[in-house]
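We call the chains A, B, C and D, going by the order they appear; numbering starts again at 1 in every chain.
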Amino acid sequence: MRESLPVLGIGLIGTGFMGRAHALAFHSARSTFDLPVQLKLVALADADAARAEQCANSWGFERSHGQWEHLINDPAVHLVAITTPNHLHFPMAMATLEAGKTVYCEKPLAVTLQQADQMQRAAKKAGVVTRAGYNYQHNPMIVLARQMIDSGELGQIVSFQGEFSEDFMGDPMAAWSWRCEAAHAGGALADLGSHLLAMARYLLGDVESVCADSNTVHASRPASTDSQQQRPITIDDQTHALLRFANGARGTFSSSWLKHGYKNHLSFEISGTQGTLAFDQERLNELRLCRVGDRDGFQRLLAGPSLPGYAAFCPAPGHQLGYNELKTLEVHALIQAVCGNGNDGADFEEAWQVERLAAAIRLAAREQRWVALKEV
Amino acid sequence: MRESLPVLGIGLIGTGFMGRAHALAFHSARSTFDLPVQLKLVALADADAARAEQCANSWGFERSHGQWEHLINDPAVHLVAITTPNHLHFPMAMATLEAGKTVYCEKPLAVTLQQADQMQRAAKKAGVVTRAGYNYQHNPMIVLARQMIDSGELGQIVSFQGEFSEDFMGDPMAAWSWRCEAAHAGGALADLGSHLLAMARYLLGDVESVCADSNTVHASRPASTDSQQQRPITIDDQTHALLRFANGARGTFSSSWLKHGYKNHLSFEISGTQGTLAFDQERLNELRLCRVGDRDGFQRLLAGPSLPGYAAFCPAPGHQLGYNELKTLEVHALIQAVCGNGNDGADFEEAWQVERLAAAIRLAAREQRWVALKEV
Amino acid sequence: MRESLPVLGIGLIGTGFMGRAHALAFHSARSTFDLPVQLKLVALADADAARAEQCANSWGFERSHGQWEHLINDPAVHLVAITTPNHLHFPMAMATLEAGKTVYCEKPLAVTLQQADQMQRAAKKAGVVTRAGYNYQHNPMIVLARQMIDSGELGQIVSFQGEFSEDFMGDPMAAWSWRCEAAHAGGALADLGSHLLAMARYLLGDVESVCADSNTVHASRPASTDSQQQRPITIDDQTHALLRFANGARGTFSSSWLKHGYKNHLSFEISGTQGTLAFDQERLNELRLCRVGDRDGFQRLLAGPSLPGYAAFCPAPGHQLGYNELKTLEVHALIQAVCGNGNDGADFEEAWQVERLAAAIRLAAREQRWVALKEV
Amino acid sequence: MRESLPVLGIGLIGTGFMGRAHALAFHSARSTFDLPVQLKLVALADADAARAEQCANSWGFERSHGQWEHLINDPAVHLVAITTPNHLHFPMAMATLEAGKTVYCEKPLAVTLQQADQMQRAAKKAGVVTRAGYNYQHNPMIVLARQMIDSGELGQIVSFQGEFSEDFMGDPMAAWSWRCEAAHAGGALADLGSHLLAMARYLLGDVESVCADSNTVHASRPASTDSQQQRPITIDDQTHALLRFANGARGTFSSSWLKHGYKNHLSFEISGTQGTLAFDQERLNELRLCRVGDRDGFQRLLAGPSLPGYAAFCPAPGHQLGYNELKTLEVHALIQAVCGNGNDGADFEEAWQVERLAAAIRLAAREQRWVALKEV
């Protein structure tokens, strides 16, 4: 029966952390969902051809390439997933769009706003499905949060307090990496903050203006692990901002990669005239909710099968999804979109909007003034 | 390269919730781990042959059977996973052992202690690897808890407070099901409590004697959903017990399936002369720890890649595993054991010990007295 | 105006921790509440007459006594508060009752159940107001909990899980004290557990039968701080029990004074057919509540001025009462009772019932069997 | 003995919520602490002379006045406590300073920054002890937090996230009051936010520049409870800001009085290069701490008697102080300062600095730009 379904051939570029995460997510989507296509893992590309071959074997891809161009042009590949270092997103995605294929690119879209803009224009022109990897918004609890907001359950939304903090650069001896270079879209704002901005937009829509403050705490870091040499650091270790949303809500934004104790603290509180909602990615299966009523007080909601994204994995409540399942849900939504079923997830236009917002924050921090989004 | 590895053929019996969970776990183990075997999903069996065929297609099994005996005798099947209703575990597992094959049976092993005893004896005689589905103990945080206990970090262990509560039978209108029948190993003690007993044994070892109290809160339930007819209920809605461990620790045990607000509250606190450790399955990626020291106070530990079971899925801390990944870890440990690498997980002897402990609790509750395990 | 009110003369015996706590509570009750009497701090007694005088000066008492008998017979003293070591409660309370005066005795009532029984009989015969110091039940959140239970908001009550743990004896080098002697009503059960038993009775009423297990973890302790000598210890470091309530609820009980990390963990969960309620004295201004409903999940209730006991101290919610204010509320309820307004708080009969329950637990632990309360 | 101590005569102006809180705090300070003075509650003033007399009787003051000038000039009054509506603080405090007496004024110091400046200058000139009612910083846990920061335990401080939210104005039908008028120092920033600014300054010192955003959510409110008439509202319902501290730390600030679910959510997180510290006034006896180390993770610290401010009230840890005891600690620190022992608490200069900071935030919000404190 399954054999009669159309085939969707997957090509994956990159074999790092996110490469493997994509491979697992495609496998998991295939075994978890009744997909309207036959998903085939066709090709895997890595500049290191030997590694490409080895990973293709391990991860169940049919073939491998040392040159990503070959993968994009492989006629059996219909969808190209890009998980390489950030500066390669632009040429790879543009080539994929030129080939008229679906493109699924890890965030950030590009290393400059201009590139991101070109990409979203090219995507529109190509008329194909595009996706950026803002997987956190596929969490069923986040989908529920958005439903609560959209349905008016919280009343008119008046405030947003958001923070994405981790501590993996908290040690001043944590070595320099490409994440420390602006030219590679490095820094706490780009690396972590952009997830929070995508979340804020997903839940509350457009931001109209921002004011911001960025600073570098550790002015230099070892050039590499165990190196004696120090390398100067110029990107932000932390960024704080004020946000004004088009819907009238106001709020704060914080992003840091050196706040000890936090490992994945993508968190927010959203308050409306009828209630308050809070979330922390470190407890991704929970929402804290307080609604106006007789006996108020924050309530802990646990994810359960009344949420479709949860039900796909587990029929019993309280059993918890993991991070990897958010990626599977992203892949599933993408495949459904390719098949014309819905359009959940951040496409290139949305991803460009996120980067425009980050650019506005950067500009506001640099010039120490409020910046309207339309300036950017 | 992979092709040169020996093949391990999987046969799965049952297509319900746990059947699908097993299928997903085998897929996930294959794509997540570098296994020392080629895992092949050979055959799926269900008494409903049409359903067996459909599920085999969906879940990626090569063939299907309407009769489980055929699956067990299929020469390409090396490992038989049993996820049928409890009363079928015994004949299926015994036939698998007779065939000299690896058997992986959902908990409980059987519906009587005598059957469970026969099964563990047969397992020893067969000399094959056996496993029962106590997946919670494969949680990396539980593995860490055991290391802390075994290493003496908590000092001498003096107390255990354990509770496994859910609320899925909390509504008196929740209908009768086989879970309400003692003959099918029903009741809160068997259904939920046995997981907690397995956990207590995994962490603290043998229990020497018990005292217990069981009761039925809702004496009858609708015969089926929306039925007007009531059916009498005789199993326990909740069971409370006192435990005395061989290592000297004392403690309490509670199991309920009608405690509102709890969805998967497999929880415990273990205290020793040097510290206290607490866990709740509803936050499966966390441990609460207090060690004797200058500035004491409970600390929240988050799962991270220093734990191998976590690192297999994610290189960054705080991203969280989900319930299904515990099942994948169980499958992985089983495959490693089949290949002679380690022996993690509950084998039939251990599963029989868990049921012996449950039987002792049942006896203590029935006769309202302390029962030594050696009596059972 | 105030001068026209009748005078209530207070006599206090004991100048330790609880003596001072009583003195502060009388002061605080006087300045916080519009009392129907003029409260006069008349006399303070301590076997050390010099200390009695000094404390009387510091704490605002009119005079002091070296012999407690003089205080009880002082005609200006109408209410005698007893805060001495436990073994003196009996003679002091009996003398007070004989004098026909109100008696306010710290828990436990006595060091034997027989004494306690004599005391409650004498109280009935004397026809005066009596109180034992189970201050925790005067917490407005506990009063609210009881209202929820009594009103049926939680449905029929089916289970109780209670624990009172601290860690002040957790260090094996913590020295011997009278708290380590059974003859002084020492041990974790008497010292801490009795508070939990009083709470259980306050919330759920009579217990009908119990089974229990007690043990001593540290078999000897230094005879005094910094002493080289060890002194054998025979009382319980921890006690666990099963409880069967007259209302049909079943549950567990744990009491320990060596569970690291806990400082005042008087805690319980009570579940009914319509909801679950949880409390922890370490967060005394909060209740966790889950009621059956559309969107279930535990909710945190914060104390606020809708509760009279809170409103007496603060007109704004969320500002929190402290432990000492529970004692003030106890004193206030006592004074109201003396004036014929209500009868909140544990009188000698109730305090005797608590000790009977503790005695039943002790008997059950000693004889390793279920004990019906009527046996004791 | 006590009689030989010098007398400190207290005069209190105002009989509202804070008037009563002060009266209770003076009583409690007297009974809790061994003070180096005899504290006498001499006089109480209220514009309503009858009410003044009645409250003086109830609260234990020797006499009452209908005119506050008489109280200030009463020779037996050495310390004047001011708890009247905000616009009266200025004339009362100035008259007290002119009389050369100690002044203890509720926050805010005044309704304009100019007045506050005059007051702090007059205080300096008078050379007397002055205090403003920023009682939250007397919490022993806050004192501990400051010690941790000052000692370098958290390393170099790099960020501050602060929020003070309540919901008492969350209902759009909550009526207009003087708190809604800028001329009376109304609004969320002045009413709540100033406490958070005082806290930030107490913990981290001077702020150098700010950017801010204020808005009014409910543009009109009922003129009084149950009134049909609406009255326009112009002050801020919420204010968000960015802060740059002189020590290099950066951060965010939020203040709202319409965030549902919060009752006293004066909260902050402070991160340094060696750890992170978090506090929430709704759990005033706790700190959350994460220090760099082997096994990191946030730890809950509970208040205990190792902190002198806690030990004054309770010798056992985990028993919890309440809000009123913070006020008692404030009064105690003030009395000690009067006696030349230490100088804890916010004097008029410090209170003026807090209001300068609030003024800078207001200016930054009005002009939508960064404002340096030296501009104000």
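Basically, a residue touches a chain if its C-beta (ideal position, glycine included) is under 8 Å from a C-beta of that chain, and two chains touch if they have at least 3 such contacts.
What you are looking at is a predicted structure, and each value in this text was computed from that prediction instead of being measured.
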item	value
Pair joined by the larger number of C-beta contacts - A-B, B-D	A-B
For chain A placed onto chain D, the superposition rotation in degrees, Cα atoms, nearest 5	180
Chain copies touching (chain B, chain C) - same or different residues, decided at half shared	same
Whole-Å gap between the CA centroids of chain B and chain C	43
CA centroid of chain A to CA centroid of chain B, Å	35
Chain B and chain D, separation of their C-alpha mean positions in angstrom	55
Contacts with two or more other chains, residues of chain C listed in rising order	262, 297-298, 302
Residues of chain B touching chain D in the complex	289, 295, 297-302
In the complex, chain D residues that touch chain C	1-2, 17, 23-24, 27-28, 30-32, 34, 54, 57-60, 166, 168, 262-265, 281-284, 302, 304, 313-325
Parts of chain B lying in touch with chain C, wherever the complex brings them together	156, 158-159, 161, 163, 165, 167, 170-172, 211-213, 215, 217, 237-238, 240-242, 244, 248, 250-254, 256, 258-262, 269, 271-276, 290-292, 296-298, 368-370
